[in-house]
Structures are given as C-alpha cells and as structure tokens.
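Letters are used for the chains, namely A, B and C, taken in the order the chains are written, and counting of residues starts over at 1 for each.
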Amino acid sequence: MKKFLVEFWKSYSIVIVVIVIGLVLGLLAPRFLTKDNLINVMTNASLVAIVGLGMTLAIASGNFDLSVGATASFAGCISFSLVPILGVPLSIIAGVIVGAVVGLINGLIISELRVPAFIATLSMMTIVRGFTLIFTNGRDLYLFGQTEYKILSGQLILGISTPIFFAIGIALLFGFVKKYTRFGRHILAMGGNLSAASRSGVRTSFVLWGIFSIVGATAALTGMIISSQVLTANARLATGLELSAIAVVILGGTALSGGQATVIGTLLGALLISMINNGLNLLNVPIFYQELTVGALMLGALAVKMQKGFKISSLLRSRS
Amino acid sequence: MIDENNEIILGVQGLTHHFPGIVALKNVNFDLHKGEIHALVGENGAGKSTMINIIAGVLQPSSGRLIINGSPTTFQNPSDAQQAGISVIFQEFNLVPQLSVAENIFINREPTRFGMIDWKKMNEKASEVLKRLKIDIDPRLTVSSLSIAQQQLTEIARGLAFNAQVIVMDEPTAALSEREIDQLLSIVKSLANEGVSVIYVSHKLEEVFKVADRITVLRDGVRIITKNASEVSEDDVIFAMVGRALIHGRCPERKLGPVVLSVKNLNVDNFIKDFSMDLHQGEVLGLGGLMGSGANRVIEALFGLRDSYVDELTLDGSALAINNPRDAIHSRIGYVPNDRKKDGLLPDLSVKHNISIGIIERLKKVFWIVAENEQEITETYVNKLNVRCTSINQRILNLSGGNQQKVILARSLAEECNVLLLSEPTRGVDVGAKAEIYSLIDSLVDSGMAVILQSSELNEFIRLANRVMIFSSGQVKGELTGDQITEESMMALATRV
Amino acid sequence: MTVAEKQIKKFSVKLGWDLLWERYGIATVVLIAWVIAFFFVPNFRNPDNMLNVIRQSAFVGCAAVGMTIAIISGTFDLSVGSTLALSAYLGLMVVSTTESVLLAILVTVLVAMLIGLINGLLITKVGISAFITTLGMSFIVRGLSYIISKGGEPVRYNAKAFIWWGNGSFLRIPIPFIIFIICALAGWFILKKTPFGRYVFSIGTNEKAAKVAGVPVQRTIIFIFIIVGLFTGISAFLIGSRLYSAGPGLEPGFELSVIAAVVLGGTRLAGGRGSILGTIAACLLYATMGNILNLLHADAFVQRVAVGMILLLALSIEGIRQRIFEHSSRRITTLEIEPNSNEYQGGQA
C-alpha cells in the first residue's frame, strides 16, 4: 500500500492536472460531468490506454514500437475475416495472437538481426500496412449482423463499457508484472543499464521478445475494439496510433530514457487527452484543435519537468 | 601459503581470442586452486579484461578451453558461468541506477515465492550480505542515490551475494578510500580462508602483494610469468609487465617566468571554497589528492566545464571570464580531459579532424575550410608529437590509447595555448607513450608554456611538477616544492582531514 | 613495425569493407537495380520513364538532405511531415491570392524554417529531448494547419508559372530533380567543407567531447533544425506545385519516409557517420523500386511491403555480418576499448 502511494505520489502532478481540467470543463460545459459523458470520455481514453500500456513496457526497456498502428489495423482485419469461420470469441483471440506474432517478429528482428528498434518497427509498420492492404484489397471489411462482435466496445455492466474494463484490467496486470515478476524487473534493468543486465545473466533476447509480443497483443486489442465500434475494419484504421500511444506514455511520466515506468501515469495520460478532446467537443471547438492540444500538452508537461535540472540538462545531455 | 597439490578449481588452457583485427589473447594458460588468491596483473590492453570476460561467459574464446573442477566447460552466456559458481565483479559499474540496492545485488537471482518476487526476503538477504561485509547501506535505497564509493561496494556485495566458488574482481578498489580498501582486502582474505578462490585483477602492485598468493603477469595478450607472490619482488613484476625496468625520473630544473594565470578565491559547487593560485610561465603545477578531493573540479572550473564563482581571474595581467570551453580556448587555455573516451575522443572522426576541431574557424576563408591549411597544420603536429597512424585520415578509434592521447594533446597545441590543463594525461597509455608524453611536456614547458597537472599517480608529480598543491575534501592542505615532493609527503597531506 | 602497428593495419583493412559498404553500398545497389531493370523490365528503358523516376526521387529527396544533417548530428526531426503540410498549404494560399510565385516560395520556406527554429530553441534552451520536442511539434503543426484551413479543404492553383516547378523540365531534365541535386550539393558542401559541418559530425559522434573541444553545441543544434526546415520547405513547395494543391492532410507519414531514406542511405541513426551521396542513392532506390513494381503491374499494396522489406534487409546486413563473425554468440558492444568511466551516463531524458 505504501509503495502504491509512493507510485501515486510520483505521478501526482498529472492527477492534479486531470482533476483541475475536469472541474474547469465541468464548469464550462455542464454536460461534461454527466455519467454518460464521463463513460464516453473513459472509453475513448481506454482505447489509447490499452496500447499505451504495452508501449509503457517497451519504453521502460529503452525501446519503442512504431508499428502498433499498423498492427492494430492488421489484427482488426484478420479477426473480422475469421468471424465467419471461427465465430466471434475465437476470432477475437486469434486477433490478439496475430498481434503478438507481429510483435514477436519485431523482437526477433531487434535481437537477432540487431536492427535498432526505431528502424525495425518503422520498417514493420510499412510492411504490415502493406500486407493489410493486400489482404483486404484496399476495401473495407464489414460484419453485417454480427453484433456479437460489439461486445468488445459495448457496455458491459452498470453502463460501463468493455474497453474500460480492459484498460483497468491490463493496467493492474502490468502493474503487478512490473513490481512482482522477474520479467518485469528485468525490463526495468534492461532499460536502466543494458550491459549490466546482460552481464548479470538476464536473457535480454527473451525479455525483448516478451515485451514486443505484449505490445503487439495490446495493439491488436485496441485495433479490434476500434473496428468493433463501427463494425468496420480496413487498412487505414489507427493511422498515427503509434505516436499517440507514445505521447500518452510520455505525458504519464515514463521517461523516454528507460529504466522506469508508471502504469497509472499512462492511464492518466490517456484520460487527460481524452477529457480535453471531449471537452473541446462539448464547447463546440472544431475537432482539429485536438491534435494541437495533444502536442502542446506534451511539450508543456516536459518543459515544466525540465525546469528542475535546467542548467545541467541544457548543457550536456539535453538530447535523446 | 598455497599447497601445490591442492585441487585446481578453474583451469584455462590455450586460450586465444581475436577481436576484429586484434589478437587480444594468445595461447594463455592459467590455473586457480581452491582457496587461492591469484592476482592477474598487466598494463591496459594486456588482455586482462578479455580473459575475465571469457571466464564470465560474456565472450566466447576463439580457441582454447575452460576447465571447471576437472571437466572442460563452455559458457554460452553469463548465466552459465554463474551456474558454475563463478561470480565476476566488473571494473566499470554494472548497476542499474533506477533499481534498489537489494535488486541490484540479486539481479537475475531474485528470490521468488509462488513465482512472485519476494521483496521482504530479498531485502533481508541483502541486509545480511551487506552486514557480513560491514557495509552500511540500506538495501532499499535506489542505486542512483548512492555515492560512487557506495556503488562500488554494492557492486562487490553483489559479487559475494551468492555462494560462489570463484570470485573474479576487476580493479575493485578504483573508487575506494584507503580505509575501505583495507576493509575490502581483509574480506577477500577471509573469503579465501573459507575456501573461495579469488582472481584479483589490479595494477596497484601494493595491494596485490598484500593479498595475493600467486601472481600472473600478462603482456600484449601473452602470459609472461606465474609465480608465488613470496618469490618475486615488485620490481620483477613491473619488469614483466612493461618488458623493461621503469625509469623513476625526477622533475628537471624549471625556469619560471612571470605569472601567467592568476586565480583569486575560486568557488566551485559549494565544495571548493576560496581557492587561489598563481601560475608562472614555464611552470608545472600539480594539483593532487585522493579521488573526490576536488583537484579535478578546479581544472574543470578553470576550463568552463563547471559553474563557478571567482573574485578575480587574470591571464597575462588582464581580467577574463570563462563560462564555457569556447571562452577558455579563445583565451588560449588548452585542456586534456581525464576521461578520454567520454570527454576527449570524437571517435568516428579522423585524426586530422580530431586535431583541427578547436581551430576550424580560424582555418576558414569566407565560410569554407581551406583544406591545404588544415592538412599542413595537422601534419605538423602529428609529426611533432610522433603520432603513429597509417595516415592522418585514419579514424582515431583505430589508434592505440597512447596515440589517441597524443592526438588530444595535439588538439590543444594546435590551438596555440599558453596554459595547458592536463587531467590524468597518461591514463590508459602504455609505458612507451608515457615516456614520450613526459618529455613532450618538458619541452613544452621549456618553450614557455604553463601547465596545471592533475593526476592520481603520485610518480607523475615527482617526475613532472616543480610545485604541488594537495587537496583533501575541497581544500588545499599544503603546498610542496622541489625536493619536498615525495610520495610520503603527498600522501600525508592527502589523507589529512 | 611494432605489434601494435601491425594490429592497427589489419584493423583498418577490416574496417575498409565496412566503410566501403557504408559509403557506396546503396549507390551500388541502385546501379545494379537500374542495370537489371534496363534489360529485363519492359518500358523501364523508355527515357520518359527514367526521367519520371528521377523526378519522383526529388520530393522526399530535398527534405532528406536536411534530415541527413540532423541525423549525422545525432538528433532527428519527426515534425517534417506536419511542417511540409503547413508550409505547402500556406504557400498555395499565398500564390493563389497574390499570384506571385516568388512570394509563395519565400512563405513556404520561411514558415518551415521558423518551425525548425522553434524546435531548435525548445531542444537546446528548455532541454526537452529532440524526439519528444519534434513529436509534440508534429501534433501542434498538424493541428495548426487544420485550424488555418478551417477543417482541411485543400487549396488549388494551377497557373503554369507555378506548376512548372513540380512538373516542368529543363533540357528534358525534371526541374524537381535539378533542385534536388542543387540541394544535395549544398548539403554536401555544408557537411564537408564548412566548420559548421565539422561541428555536426563532432556532436553526432560524441556530444560531450565536442563541447569540451570548443564546439558551440547549442548554436549548432539550433542551426541544424533551421536547415532541416529550409530543405523541408523546398520539398513542400515542389510537392504543392507537383500536385497543384495542398491541404493539411498532405503526405501522412512523410517524416518516416524521409528518415527511412536517410538511414537506408547509410547514415547511422546514432549519429557521427553518414553521407549525402548515400541519401541521394536511397531516394533514387525508393523511386526506382516503386517504378519497377508499377511497370510490373504490382499493385500499390505490394509496393509498400517491398519498400519496408528493402529497408529492413539493408539495415540487417551489418548485424548479420557481426553475428557471423562472432560465431552466433551475443556480445556486449562496449568491450573493445577499456572503459575508464566511473560515472553513470544515466538520469532523466
């Protein structure tokens, strides 16, 4: 419990920001604080949060994955096309597996061919999008009458939607993994000091495969949820998801340099962006202000954080 | 003393290892008895690190084999070596700064319960280990919050944490104080008495003779001798290390000119307080002290690498302000950093570009570099300093340590500096190059340059400096000149609190 | 000759092959691809087709020249895609209202340089990492272009004087390619012949040592980002002219294509090494592959896969070579030089 509070305290700044912005939006747009709207906000936050949680592990290990958007759309399309054969539950599981396999390939390229994660996942992004285009022939896939699939995005209990449960469930799971499993500690060790980790006998290749498989699986889940919202899947789905996912993680307080991760921060980062987007919507601000806000938030948050070590960092190691 | 018939716990036979283009080890044989402390000594680049990395399973040898308890073994990775009971304490820090002390001690061996990490047990076991070594650190602290010496001790604790049969220590005392070193050596001895075998790698011969049962010397990847410690003298070992006897020189007569650089009340980081000095033309002023004494900070502050506050700083009588290295270089102050790899080398650049980087703006016409001038100037200094390279377009990374150091020196000389700040100028440099660098400094000073020298090798002061100021915890404890400069007098000042 | 000298000799011979591959590998691949295509791909040898290939290479190419400089210095810029869209859009707005092409060029390029300047200032003065700064800027700038365009309607303008820049030719050589080559020459000159270029390499290979050696690190980084802006602006103008139009959604993923081209050209992502020649070759290779696949009637989707595969393959070669050398064992990269650092590099980003 004490550790939990410490963790919570570390990300307190974003908690305060979330609360303040929530209150301001509530004052400006009374509809913001209604239950339906809040659930809507949280659902949208969950979509990015799920893949963001996977990305948190990758960034904690000192890597990141630019292929998540492509993987999300690929898994959505594969899963949709499997529904007539396997039925809904199995095809959802198949989608997750497909995502994990794509992730595993990323991990293998990085560990076995020694291509930097940036380039490996960048190439995979192009390749996987291309495969998805070939697979769908560039057309939309629909699931007529398969409303069962809506379970992924629909309401589950008490009007709370499935993605929220997924996001919270995965956050709890990853929080546990990070704190109480050797896999989790080894992720942090690799991110903190890679050569120390491997000299201590940490099987860095295995850990990498695990991390990227997980990122792939979370990306696939996000992709299928997005597809299920409109019961349509295509190869253009989730473009730019990779950058949003990284933004959410950074905003949440996980350092890009690795070795440290905050699962709660990522959830809150996603919530913050979703709240602002929703609030701007309610205030009739055109939708295209949203991207600007995300960017400004990210830079603002980091600029504030940087003020502490301003002098030293700007002198010597200001760059990634 | 070691019993010759005692069982051999670790044997190395015909070990050879190639790096791209370099033979790091050539047909080396080595054995380690149970309960023995076997010192492995040699200069930088002699092959010690390579050998340790092979024993640790980090590297796989090109040929040759390891024999553990009588049976030939190969290690595919560090885990294999750990499982065979070999624990290695590496020279450079191998800790993960973001994790706790306990976690770093038990990394990859974390105690678990039902598959979950058992934090309570891990912290308890870490406390036990630390207590056994009389190290007073809370195992729950994150490593990044520890001092350098504490980190080094954590590193050692990790090596001892599990019941290893063989412990390899690579320069374990580099960051430790005298007291901590004694403590460590007694731990090593008691481990050996318990039947643990230790490979002790060091170039500090004093320490080696205090603990070692046997000594093996490597040079250029070849084993030169293996002898019982009682049967060899320090001079024998030095002779084996360098291939010839060391010349213990004294500083030649220095002809001092007028004051060049004058510092009044320099304050750095709230650590150095009110440091003042006058540096004369033709002088070599040594700034000495144990690690962390502050001598290095003074030099870094003078070169604009640290924030500092000074009442008065004058160069040739006129006041100046130095806020960054550019200011210093413009004022014709040169600097050779102690950490060549981190602060000196531009590794992907050629010898030529490494030399000309500081003067490149002086070499331009309109806004492009005049290639002939650059070529000419760099060639001049390469010849003057006798830098051995295949061409000045060769990448600096491919040069030996000594030649790299000469290139860094050439950079300062090309800047035509009048004051030269040298920090550990012969670190990681072989003996031949060392002698060359010493005589180079002599001739520079003869021609009127002023030098401030900071070094952890006391011999270097005796050889080069006509005046030495000794620091301890940020303060000058005393000043020695001429014949007063001896190892004993300097140590006495350095250890004064 | 001493032992050490012999070792150095051998070492440099060994490295020679690496260097050759790094410098001329991609250029050779392009030549081989052209020779093969010339004989075996129907219609490739048609001069109009070949001219079209080099025209296509220019649009990513100009921006890639700037990115090469950035990556050699060890940073990169993820905001060039958004910058491209905004500056092209503003340029078209200007030309469609004032009908002055010169003014359009100025606006396009200056807007892009201004964004570069902001990037540079944020990175050096505030101390946010380049990755995050330029990622954040990419969101902001993309958002701005949607706001200015009030929702994303592209501007169109097709006066001949304007579209000539993207579609015209001089002595049959496509104008964009001529501009690309001028940019490349400028980039090469900056990198190889000026003190600034030397600073770029120094910062990329070891930033701390560069600072110690008196390199004005902050000023250089700010200039690097302005230069990236300049070349991105040139690409933006050419693309706007080529398409007769520009909207805020122009060329999604452009930043990644540019980075991919630079890295494929042999410039090391970690900084310190790289060449403009490689970048030119990589841009040509991309354009050639696209063209060949087109001529073979492969659909656009297969092309994407092929492009990704090429990038991956080219960048795996070094890793595979290393693995073969070490008989399949993993190695930790810091072993070759005896480290003597006693401090962590660590800390927050």
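Quick note on the criterion: a residue touches a chain if its C-beta (ideal position, glycine included) is under 8 Å from a C-beta of that chain, and two chains touch if they have at least 3 such contacts.
Given the structure is predicted, the values throughout are model-derived calculations rather than measurements.
A centroid comparison over C-alpha atoms places A as the chain most distant from chain B.
When the C-beta pairs in contact are tallied for A-B and for B-C, the bigger tally goes to B-C. Chain centres here are Cα averages; for chain A and chain C they lie 28 Å apart.
If you average the CA atoms of chain A and of chain B, the two centres end up 44 Å from each other. Each chain gets one centre point, the mean of its Cα atoms, and the points for chain B and chain C are 40 Å apart. Shared contact sites, meaning residues of chain C that touch two or more other chains, fall at 208, 211, 330, 332, 334, 344, 346-347.
In chain A, the residues touching two or more other chains are 192-193, 195, 198-199, 259.
The multi-chain contact residues of chain B, meaning those touching 2 or more other chains, are 58, 77, 93, 97-98. Note for the complex: chain A touches chain C at residues 66, 109, 112-116, 118-120, 122-127, 129-131, 133-134, 137-138, 192-193, 195, 198-199, 204-205, 235, 239-240, 243, 246-247, 250, 255-257, 259, 286, 288-296, 298-299, 302-303, 305-306, 309-310, 313-320.
Looking at the complex, you find that chain A touches chain B at residues 179-182, 185-186, 188-189, 191-193, 195-203, 259-260, 311. Chain contact summary for the complex, chain C toward chain A: residues 74-75, 78, 122-133, 135-144, 146-147, 150-152, 207-208, 211, 218, 221, 248, 252-253, 256, 259-260, 263, 269-270, 299-309, 311-312, 315-316, 318-320, 322-323, 330, 332-334, 344-349. By the touch rule above, chain C contacts chain B in their complex via residues 3-5, 7-15, 189, 193-195, 198-199, 201-202, 204-206, 208-216, 272-273, 325-327, 329-332, 334-344, 346-347.
Taken together, the chain B residues at the contact with chain A in this complex read 56, 58, 77-79, 81-82, 88, 90, 93-99, 103, 107-108, 110, 112, 115-117, 307.
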